[in-house]
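Pasting a structure here, questions to come.
Order as written gives the chain letters A, B, C and D; numbering starts at 1 within each chain.
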């Protein structure tokens, strides 16, 4: 078994190289659309950052390259920066690309987060967009059916996914961190 | 077939005129049925269907009845306390989920478990996969009115639950996988017990084929029902056995191997038809493959540590003693304030129902800044909307059962 | 038990035929083999169903309610619980049909007992030499009240369930009637006594197996046994027409299927299994009435046990599949059985004095 | 019409009183209690993930059907609710409606830590406690409780029905429940 360990690490090195190559190629395809394309070798992921207005364009290019479905679509709230980051994990079922994932990121204005819907390109994002709207208030323009997915219909108040929606916690040192 | 639906239509037409039976829209004589959470064929969700005669015209899954806000809760929990949170929603196959979360965490921390721990994780994951598939088949059987299938599924499942109990000490919520390894080593009698159970299951599968898969009524109910074409499956982002039954041989265990899967010998069963019967068949084949994996893993099981040396170094003498004598890991208090470095990590695993994706955003504090988790059931919900219309009302439970959809897992 | 009492009455009152017949008829309808026996058999059948299915499923089934006799009181416990529960009448229901139809359905499925003999010595209260036809005609009325139940309770699931019931009645009642008639063709009679007598050599089941199979399948459907438990398919339409019924009313509706099963298997055991044969009937209460009737009851219980056992093997068909099965295969089988009977009779293989 | 009452009395009330009197006589009361104890049919209300263990409890290895408990379809025909774990806000309303739809001698078992005090999800914004929604008879601790614990709860409930009876206990429940209803209505 011990002999397999270096083998595996060699394999990982080779994979990492392939990932970097792929990232450079993707950045060529996305030239002018994406602001940043970088490979994350640890998670086997390519991060693609795009401007809010170019999301659809980038999505079209990516789907034509073979990324055929959305694995996850959500937001990450950064209140101190005043942005909500739209984070879309996209993947592929085609043989060549199934090993990696790409994350399409775009920074939205926290006061009025709007993004074009991806349902026309990736129909698999339909329910996920509904959830992202419900949790973060991201309005997906052109979504066919944007209503609540998980919460009760009469739920009122802040967007529960955001950081300023606080849930009751025990005070630090009371029970959760007795060692301090 | 046609005559019957026309007859229903004609009767219902007259009735609707005299009495309000539901939503009637312009020109359409639709009856809205709420197959709600108390309905025996719904589980923890509500399915709103609009039927025209016996044919379902529209279907709207209303989920969220088990939405426990795990993503939000984990932002207020330390990393170790998120492990049980991750387990609860998919109570049927908890281990793949914990593996996914821990893998993401380990990527953040930059450690990798020793090989023996990897094998132990794999074995437990496959045991729960068999248990989860048997559960799904049992639910499908009771949806078709086949109570023996339900009872046999749940009865045979107990065997694997019991094996997992021997390995980890709990029936279904194991919390067996911890950062850097596993909680305890396997008992000495474990390989023999596993072998016994696997042999029993192999014998049992023949009975299963006799009473369930080759049963004429079950075949009639499942064949050519809920057909999902390859293109649609890819477009809708379906995952798991449902995807493989439509002819796409995607399996995270092969596509992006984690734990010990790249060293083990198994196949990925694929069917081309894409109907409910194919989905059920793929599940049965996966049980067989899981049996192979467990056998192979027990054969190739390396010796050595079950926890990463970096963590073992932090043990105090008592913990060290316990670890050496009984091979159980007691965690040092420092883990309560485990602070992975700043960054992001993504991990994915093949759970019983398909691909689960974990994304952790860490800001260097003891709690995750953001924890994103999509479960296979959550990705398969969309099928209710797009696959069910056009089928008969009686096909709804058949399709639901064949999707092996588990609402708590979808809602998280 | 009944007979000595009746003799006594006879002596006290002098030979009064009307009173005698009334008392015997009431006893026949209310105690044995009427209501009381039906309730007991239905409760036992409920238990037996759960117990047999549990055996197949590697379980115990009902046990702790009476551990010495294997939980046989389970059916009674359930029935008693139902009869002492609250009865909810939904506000939007049609109250009168809602309340009346379970009782009427039970009445019409019990009424045939008045025409069916279960022993050679005591006649049923309403004796007719066209009994077979009358019996089938009366019991075919019972499903109509099931349809009314679903309609009156104003629940969508109940409504769908009653529509399914209506569609299935049409497609399975006809094969049942044809296959019963084909037996009447063989026996050359519609009188139960003659039918049973003429099976002294071969039971009707062997004389015309097609008719037996067709009518058994039709009976499975009519009493909603698996794989035809479609009108009350629980995972599709909750409890079908009985969805809104609670307490005693649901107890009645649940009992209805078992009562129908009792009556239908009684008919089948007379027509196909040779009734009280091999006992010929003799003198006195014991030999003339009790023993032959017990033979009939054992035969009908065996038939019903087979019917309830199918729950362990089959799932349920879809509505359209069941209808197709009914109109193509079961109807075809019953027509074959009619042709077979005609061939037997006109070919001269079957000849009665 | 007002005069009619003098002679006939309130027929409804009288029947109810007579029935109540009858139900409290010895043999009938005992038989009804016995029948209720051995015929606890849980309704098919799956509230959360403890349903997995509920399924296991009715399956071959544990087989709760031996106590006469049979999972059945619709709230009208059953007399037991088993709250399986967490009650979310959406599900709480359903549980409440189901409880109200059920016929009178009815019992509630709350299963799992979540149904008692929220369990792991104690601070979730979408989770409510079971006893805020419906009156609970028996609590089972555990996350999730083992099927044996559920079997024990059923046995305890049987004991309780046999020793304490059902009628009086349930009238209390209904009164308690009416107060609850008023509170809920006011909140709306």
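As a working rule, a contact is a pair of C-beta atoms (placed from the backbone, for glycine too) under 8 Å apart; a residue touches a chain by one contact, two chains touch by 3 or more.
Because the structure is predicted, anything quoted here is derived from the model rather than measured.
Each chain gets a centre from its C-alpha atoms; the one nearest the centre of all protein C-alpha atoms is B.
Annotation: B-D is the more contact-rich of the chain pairs A-D and B-D, by number of C-beta pairs in contact.
Chain centres here are Cα means. That of chain B falls 45 Å from that of chain C. Here the CA centre of chain B is 31 Å from the CA centre of chain D. Here the CA centre of chain A is 64 Å from the CA centre of chain C. Shared contact sites, meaning residues of chain C that touch two or more other chains, fall at 57-59, 234, 238.
Of all residues in chain D, those that touch two or more other chains are 59-60, 73-74, 90, 123-126. Residues of chain A in contact with at least two other chains: 151-152, 160, 165, 167, 169. If the chains shown are joined wherever they touch, the resulting network has some other arrangement, not a path, ring, star or complete graph.
Across the assembly, chains come into contact as A-B, A-D, B-C, B-D, C-D.
On the side of chain A, the complex with chain D involves touching residues 151-152, 155, 160, 165, 167-169.
Chain D meets chain B in the complex at residues 43-53, 55-56, 58-61, 73-75, 86, 88, 90-91, 94, 97-98, 120-121, 123-127, 143-144, 146. On the side of chain C, the complex with chain B involves touching residues 53, 56-59, 154, 156-157, 159-160, 163, 166-167, 226-227, 229-230, 233-238, 311-321, 323-324. Across the interface of their complex, chain B is touched by residues 1, 4-5, 8, 40, 42-45, 68-72, 74, 76-77, 87, 89, 93, 98-99, 101, 103, 122-128, 148-152, 160-161, 165, 167, 169, 176-177, 179-180 of chain A.
If you check the complex, the residues on chain C that touch chain D are 50, 54, 57-65, 71, 73-74, 76-82, 84-88, 234, 238-239, 242-247, 250.
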